[in-house]
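Each structure below appears as structure tokens.
Below are two complexes that have subunit A in common, paired first with subunit B and then with subunit C.
And now, the complex of A and B:
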């Protein structure tokens, strides 16, 4: 199996409370891999660990064989991991296109002076990056809003804008934290379809989501967490029929 | 009467250009970190005083100006690296207080190095003024306005045309999201302080031949630059530039038409009026938070 994202016995404690405890898992390249679990199971903490916002208390995480431990967020982004948030974290002081353009930050090379003087080389590059950003907006169905101020966008579109921005960093792995939270049924359906199209681009997706219909529809593999610990792993069918999972979600029948 | 007006206008735009550069520095740092850097004026003083010292030890004029700018930028970088960055978990207000402390420190250091004497730089190119009616325009005034215009243009292009400029704005809107899309937020902060110090230092060099400079020259210039930034709406770089020029003109009109004794008072009365009646400035957006 190709080395992709691997976590080995990771633990993260906050003042004695373990948000993640001794967790190991591995994901395959090209898959949609979902992490589910009741509230407080440590799903968002896991994303924060994988993206360098938190550092694990112990354990190892590797992406394509390179260690993620001790790396700051911007370095991890350069390795090819990008993410979206449960509540969209958009640069509200910019237009839709500019938000997406900033995601291309790593792929530009023109410096302060050539850029400020708009030399032909940097102008050509700016045009190229703008084209890329525009393609990502088209992909997420936001191209008609390109020059709108982002703070005027409704919630569902902000969520898709975050996806467009994340795609502009050209990730190999996209972490999506509750992409359907706050969306209505038809928007959720569109989001599911967007996730499938992202997978078709060859980008692997890791999903944290409470909407089980969405999770079961798009996932190749599932990891279930309970109180920060590994509970089960498997295909959607296996998980849906796993008694331990049913118990964690619904509680025991006899108490 | 019209000659007084014209002369006031020339003087005002000249001095206003210096305020504009300082105000621009305020706006850039505010944009990236929501912090008002009250050490901004010290960059002006460090630039001018360094040039004075370098000339005194026989460094050629152009080289001295260049080195003075380098020194000002270094001070900006050191300030960020050793005073601002270590306090990154501090609140905005605490960070502002740190910059006030840094400005007092820098002023004290300058007093130790340069003493209390007033200094001046020679004009960049000759002293022969151009007469327009009975008003005069000195070559140095033209230097001030010209160089300011070029710097402002470059900064404007940088923020509007380059991805690095956008990345800098992204850091201000949401540092965590910025870092997650690969923007090195720390380095961006360092860059912002360096750029602000460069602008401040340039302002110091440009006006040192017109106004005297001394260890505490940065305080008044810093406050005027702050007034300019407020006038234009904090966080709007081009607003700060406009604010600086407007402030300079009003100040010198007041000095010409009323009394030069009220020159500084005028700037601060304007600052107070703006804060009372239009706190978001003339080009700023009212602050709002989306939930």
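And now, the complex of A and C:
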């Protein structure tokens, strides 16, 4: 298989406490790969490392053969990795469409000068990006809310808006941090459906999620973390039957 | 064209005012000050209102523009337009140099750093007495000349200053509606979200800081020629605060709010002179009242109160627009 996302012995410490310790894993292109583990296992820290929000204390991370270490988030976004956040980081001062348009930032090039003078090239580009953004709103079922202020949206729709916005960056890999947290059962089902449709677009997904039913239903591979360390890796069936995992995690109940 | 609707309304008001009231002091004299202040406020709003970064030192950029024009045209007898250009370039350089380290700061820390910068620039205007004239200021700044047309009367200044304001508003409107404008507002909404969407937040903050400084410097050059005399007092910390108040009072991140804020804050002291000693007291009370009852600013607050009167119209229009 081609090189996709690889992590090699990454460690991240905060004041002597290791949030991630000596972790190695690799994901395959086109897969839905989930990271699970009890609270405080370092799942969100892992996402923050992969997206350049944190830098690893040691170790290597590569995406399609290119090193991610030392890269700021906006460069990582250009490499084709996007993400959604556990607590939605929606631009609440903007409309739904405008939020999604910011996701298209990398696919435009008009700068301060052409923008300030509203040159024809800048206007043409804006129209093209708007089309692109609308497609992603349609994909996530939010097109009817395009001109709504995003701060008026219910939580479930904010979560889907995060997905639409992230998809607008045209990622090769989408990291989703607890997309079902705070959603009711029917919304969670819709989110699962959305994840499958994203995979069908050819976009690989990496998922952090506590809802085991969702995780088991959509994942091709699973990585289990415990206190920042590798515990197990495998298919959903292998993980469900792994005694170490049951002891550390599943045996303690869902929440 | 829809986005220019407010712009045309503003242009009409500016054009009609001196025609309807040709000898009114508030139009022809105060109107020039309003336009100059509004120009700075519009630029500052790009930084504060849209991008969410505060500056308590914008009077310094206003001053750099004014002193560049004042010094170069008096001491070196340069052409005023060349001096204005050099003032803009100098401001660009200074803004870029200080933006790099200080825009990494957030909130109160950014406020403190910009405040310090403003005070340093003000000291640089006062101290070298042999060049800048020190606290006594700089006088005999020549008049501006546009294609052989001397800008030497109130009404001519009204036209030039308001023309500059309209130019500034047009640029700001375009910028806000562009790809860059979206990125700026995204930085305000969530820095980490904006970064993940590919926005280089450090770079874009520096650039908008420079742009808003250039607005102030341009206004400063006009101010120097219009007054014919400048002194450090006009560019003190006090004026930086006034600029912030204009933006906040009018309404942050609203397209025309800061112009309204500048108009109110420039006219109020003129109107309140009749109260003599109580002038500052009343001004303070008015500002407190506005912030308590209309926290989004006068412009946004009032238009929200007026809108329900036209609500039927808005409802029928909205779905067609979407």
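Keep in mind that, in the parts below, the second predicted complex is superposed on the first by the 249 of 255 C-alpha atoms of A that agree within 3 Å, B and C clash if a C-alpha of one lies under 4 Å from a C-alpha of the other, contacts with A are read in each partner's own complex, and residues count from 1 in each chain.
Here is the rule we use: contacts are C-beta pairs under 8 Å (C-beta built on N, C-alpha and C of every residue); 3 or more make two chains touch, one makes a residue touch a chain.
Since the structure is predicted, the reported quantities are computational estimates derived from the model, not experimental observations.
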item	value
Superposed partners subunit B and subunit C on subunit A - clash or fit	clash
Partner chain(s) touched by A:231 [first = subunit B, second = subunit C, both, neither]	neither
Which superposed partner A:147 touches (first subunit B, second subunit C, both, neither)	second
Subunit B and subunit C contact sites that coincide on subunit A, given as residue numbers	51, 53, 72-74, 77-78, 82-83, 85, 89-94, 98, 101-103, 105-106, 108, 110-112, 115-118, 122, 126, 129, 165-166, 168-169
Subunit C residues touching subunit A - in the complex, by the definition given at the top	171, 174-175, 177-183, 185-186, 188-190, 192-201, 207, 211, 253, 318, 321-322
Subunit C-facing residues of subunit A, complex	51, 53, 72-74, 77-78, 82-83, 85, 89-94, 98-99, 101-103, 105-106, 108, 110-112, 114-118, 122, 125-126, 129, 146-147, 165-166, 168-169
Subunit A to subunit B touching residues, read off their complex	51-53, 72-74, 77-78, 82-83, 85, 89-94, 98, 101-106, 108, 110-113, 115-118, 122, 126, 129, 151, 165-166, 168-169
Touch list for subunit B against partner subunit A, complex	154-155, 157-158, 161-167, 169-170, 172-174, 176-185, 290
